[in-house]
Amino acid sequence: MSIRVGIVGVSGYGGGEALRLCANHPSFEVAYVAGESSSGSKLIEKFPGIGRLGDLIIQKWDPTALPKLDVLFASLPTGASKDALAAVPAGTKIVDIGGDHRYVDGWTYGLADVWPEQIKSASRVANPGCYPAATLGALAPLLAGKLIEPGNIIVDAKTGVSGAGRGGGDSKFSYAEVNEDLSPYGLLKHTHMPEIAATIAKVSGGSSAGLIFTPHLVPMTRGILATIYCRTHPGAGVTTEQCLETARKFYAGRPFVRVTDKPPHTKWAMGSNLTFVSYAADPERNLVIAMGVVDNLGKGAAGQAVQNANLITGQPETAGLEGTPLWP
Amino acid sequence: MSIRVGIVGVSGYGGGEALRLCANHPSFEVAYVAGESSSGSKLIEKFPGIGRLGDLIIQKWDPTALPKLDVLFASLPTGASKDALAAVPAGTKIVDIGGDHRYVDGWTYGLADVWPEQIKSASRVANPGCYPAATLGALAPLLAGKLIEPGNIIVDAKTGVSGAGRGGGDSKFSYAEVNEDLSPYGLLKHTHMPEIAATIAKVSGGSSAGLIFTPHLVPMTRGILATIYCRTHPGAGVTTEQCLETARKFYAGRPFVRVTDKPPHTKWAMGSNLTFVSYAADPERNLVIAMGVVDNLGKGAAGQAVQNANLITGQPETAGLEGTPLWP
Amino acid sequence: MSIRVGIVGVSGYGGGEALRLCANHPSFEVAYVAGESSSGSKLIEKFPGIGRLGDLIIQKWDPTALPKLDVLFASLPTGASKDALAAVPAGTKIVDIGGDHRYVDGWTYGLADVWPEQIKSASRVANPGCYPAATLGALAPLLAGKLIEPGNIIVDAKTGVSGAGRGGGDSKFSYAEVNEDLSPYGLLKHTHMPEIAATIAKVSGGSSAGLIFTPHLVPMTRGILATIYCRTHPGAGVTTEQCLETARKFYAGRPFVRVTDKPPHTKWAMGSNLTFVSYAADPERNLVIAMGVVDNLGKGAAGQAVQNANLITGQPETAGLEGTPLWP
Amino acid sequence: MSIRVGIVGVSGYGGGEALRLCANHPSFEVAYVAGESSSGSKLIEKFPGIGRLGDLIIQKWDPTALPKLDVLFASLPTGASKDALAAVPAGTKIVDIGGDHRYVDGWTYGLADVWPEQIKSASRVANPGCYPAATLGALAPLLAGKLIEPGNIIVDAKTGVSGAGRGGGDSKFSYAEVNEDLSPYGLLKHTHMPEIAATIAKVSGGSSAGLIFTPHLVPMTRGILATIYCRTHPGAGVTTEQCLETARKFYAGRPFVRVTDKPPHTKWAMGSNLTFVSYAADPERNLVIAMGVVDNLGKGAAGQAVQNANLITGQPETAGLEGTPLWP
């Protein structure tokens, strides 16, 4: 029996990727799509390669007039989800790809590769942000294994431009200005810091007070890399192999995480729900460099959202997510 | 029952895309992979996101020592296929993604969207080149419908860099030299001209003597656009709508071709086996501009190869090829 | 003695390039800059690398309150120049980089490499558009030399994204949507057609009625390539070498045009005022493929504008324009 | 009187940029160029936009048969300079853009923006590497001002692809594989670490033992950004404004360094010899994030080389380097 899903914010990048994944999902039936600027259009007008769903009309979002849905994916701008989703019927489960419900009461933070069991019974899931997905994927094994100090972590993160969303069309995201350009932004105050800090504390049981997070905009469409500088307990002598082994055990049996010996490439994850993690340690200097790679629209948004939707609807966790990344 | 497939040239771009598609195919089982530079490695070392096939060892190509295969995909450099494939057992069907067997006796030219019925009974299929795929997809309806003069066609074609293949690593394909660069090449003598000319003649029944074909290298990884300048019979008054309608009828029921009112974008096809075609006519000047877009590794190589393999093995034509294009 | 120049539209791409060139010009002194969105800012806030001009304040454009200027460069959106420039004092010469005054009475069309003498005495110069610059640079020698039929020309032109200007910030020009994308647009009706047609007629003395012009958007910031399909008189037997020789003679002594044996690359012109032209002929088929490359912001906009300003102020034609292109 | 310069390694990216800058230099005359793969060609064949130097023949490098030169720029692969330059006559001053002579006896490390006076009397200058140029530009003021602990510095650096040089044409630098890809490499062992460490120690007078340096390859042609995590003395309460002010004073009167309030963009430096530095401090956590941006071929290679050549030949420091960066 198929599961009826809806997508609000379908014409944005996160919503569009949710559509792509749901369109190819073996048991999801896209029964409803809504979007602001594109309402009234057929899906095919916005997604010329969409296939059999092409005739579906994009609705103007109205939570009081939803058809019966098993799951609703919401991909709305920051600040827009809270009110918009409050009126959704309790019988419709929600995966909020946006940021408004992360670490909010009544919502489960959907870090699907790390705590799938906690998610299965949820009916309201706050999907992790793109930066947190890459960062926490790499950090979780080290934190859970007590290999690093949770209070002394520096995250230098780099994202492709689609992470900024589609809205606005600010010329600072235009091809002419982004191509051949790289810059840091949001220093010491990015909106993704609280969920990273909260998760570090949750997984490690310790304080995340020293967290430093610096995002960068990179001239590419998709992909996130987090390069994370961690400190081990002085004298602990943590080695690269120890980190890799810890991660391999931590993620044993988890279908979407690859622990690699070599530093990961963002392109390895392109179009997929995979996370790649790797580590380089310097035992003399009590240092571990943890690296995490995701597709910011995959595990960083719609991929993890579908994984979460699978978990809360009792589907196989990998349903609709088994595609191999695009290469080159 | 699964169909056993092999891929030779798996570490190139065309072979790698064939692997990606076969890995996700519902009835194909990848039983053999071979490659020159990478032989002896596991697939996972070359394709970090490959999944369950990761432990397969890349073999050194030896046609006399093949396991039993139903279909072999060959993606070898120009000139390398002829001898390499002659020794493949007759019981193994072949789809040659390379160019050596196009319009060669004993081989069927696999223009799958146009003449699927001719392909079904073949055991040796020569897959069309990437430029011909984009060009002929747009031209076939006009030629078959006698809307244009077959002897007076100018193809201005533009390709992404992966079309040049992986081999060699010539610095002229390096990022530093390709980014912000665009140029024509191979003027008046590109290797894809003969198969375009032969197909124009075959579909139209007329002469293709006036064919002009100019390829260009564009700073993008995937994608081909052919912009084609055609002449109608003087006074015929062929309109844009007439071309679109002719193409819609020609491709009615064909699953992979989209006829669009607007000029197509290469990104619409990215990662898919789709072809987009559109037309703009100027009846006063006896002109039709035909436009065709494909992913050069999709319909331009591995996508069409899998479509052909489906046809010759009796699978549904769309098996393994239903994924929606990546966007953005 | 320095020449006082002003730039209106300085925060756009064309105006910004004019600023860059004038800042490095040996005899131009930038005395006035104006812009819409950026008025009130210092130049350094918009151009962090600008150097000694950094403290200049960007003015709100008011033609009735201009300081005394020898030359004004205008780079305004289409339609905005006509009224805006009418009130400029007669004593201030104008080079209009925008399109409003091309082939308008009282304005000289500034095709500087082709008819410099006609420009020297002008006080109102309409700078050619970016596509016309690339197209006419390649065509002029063939037309003047009567090698091709002026009434049967097909221009397939490709531009980088900065050619679309900065304004608006439409998401269709965003990095995420332009990267890996290529498409034709404006078929059979682009605004640059009339000036190309008018110049073809002027140079050849014949009709340009058959002109076909198709622009394409390419994922790069700068650069234009025009690939132009021309017909020679039947039986004329025009050869490649004949075209090259004709062009070499036509441009003998002209400092900014390079006639090359090999097909030109857009990157050859990057950041410069150069035009590269080449030709490939097929005498059997009465065909000449002419190719022209410019930097759309160089010879396609601000570079030619400075060249024109040099001509009308009696400076050496190459002043401020001698920089070698950036590579890679 | 003009200064006769030679360039060995002219067909590489660093050598090519040195050629571009010298070609536009008011007092340098390029009298000799040498290159391995391109010897025997005219410069115009490799640099189609080069201008009046086009007829110069690229020589096969032979240090015993050099013409009389005032300065030789050497841009050779790592390991190739030591022997190659030993035979250069003492009367020819050398600026080695390659890495072999950094912190080698008899050679002056040419950190031109920081210690120009030390360079003026040198006849053998080892030009800083590209990563060190960006890193040390940002760190020097903080180190000299004792604002940060020299022994506890983490450099997360990101470079465009031209930094890898031209040689080889490895497919890992091909457009198809670099576009949409980002990755760390050379973890804990990059060849640029020693010169960074040595300079930190020299400028601060303290130990640089804790230096961590992680380079990343970014899909762009030019540009380097170093994001540097520094620790202040506990309780020192160092603020962002204090860092900016310290840097402004440190670089007062230096022509090529810009201290900016906002995080710098790599594109701000494109094609220029500029360095952009900025800072963000968190006094509560004893943290300073220092940021440095250069064009890896400008200040990171040929730009600084020309600056050094100016210093050692008594030219104005800015001669030939006054061009404004390309934008967009």
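Note that the chains take the letters A, B, C and D in the order they are written out, and that residue 1 is the start of every chain.
We take it that a residue touches a chain if its C-beta (ideal position, glycine included) is under 8 Å from a C-beta of that chain, and two chains touch if they have at least 3 such contacts.
These figures come from a predicted structure and were not determined experimentally.
Contact count check for A-D and A-B (C-beta pairs in contact): higher for A-D. Averaging C-alpha coordinates per chain and comparing to chain B, the farthest chain turns out to be D. Annotation: 45 Å between the Cα-based centres of chain A and chain C. Look at where the CA atoms of chain A average out and do the same for chain D: the two points lie 38 Å apart. Here the spacing of chain A and chain B, counted between their Cα centres, is 34 Å. For chain B, residues touching at least two other chains, in rising order: 13, 160, 162, 166, 176, 179-180, 219-222, 264-265, 270, 328. Across the complex, chain A is touched by residues 154, 156, 158, 160, 176-177, 179-185, 187-188, 210, 212, 214, 216, 218-223, 225, 227, 229, 263-267, 270, 280, 282, 285, 287, 289, 291, 328 of chain D. Every residue of chain B that touches chain A in the complex is listed here, in rising order: 13, 16-17, 19-20, 23-24, 47-51, 162, 166, 179-180, 221-222, 258, 260, 264-265, 268-272, 274, 276, 322-328.
The residues of chain D lying in touch with chain B in their complex are 13, 160-162, 164, 166-176, 178-180, 219-221.
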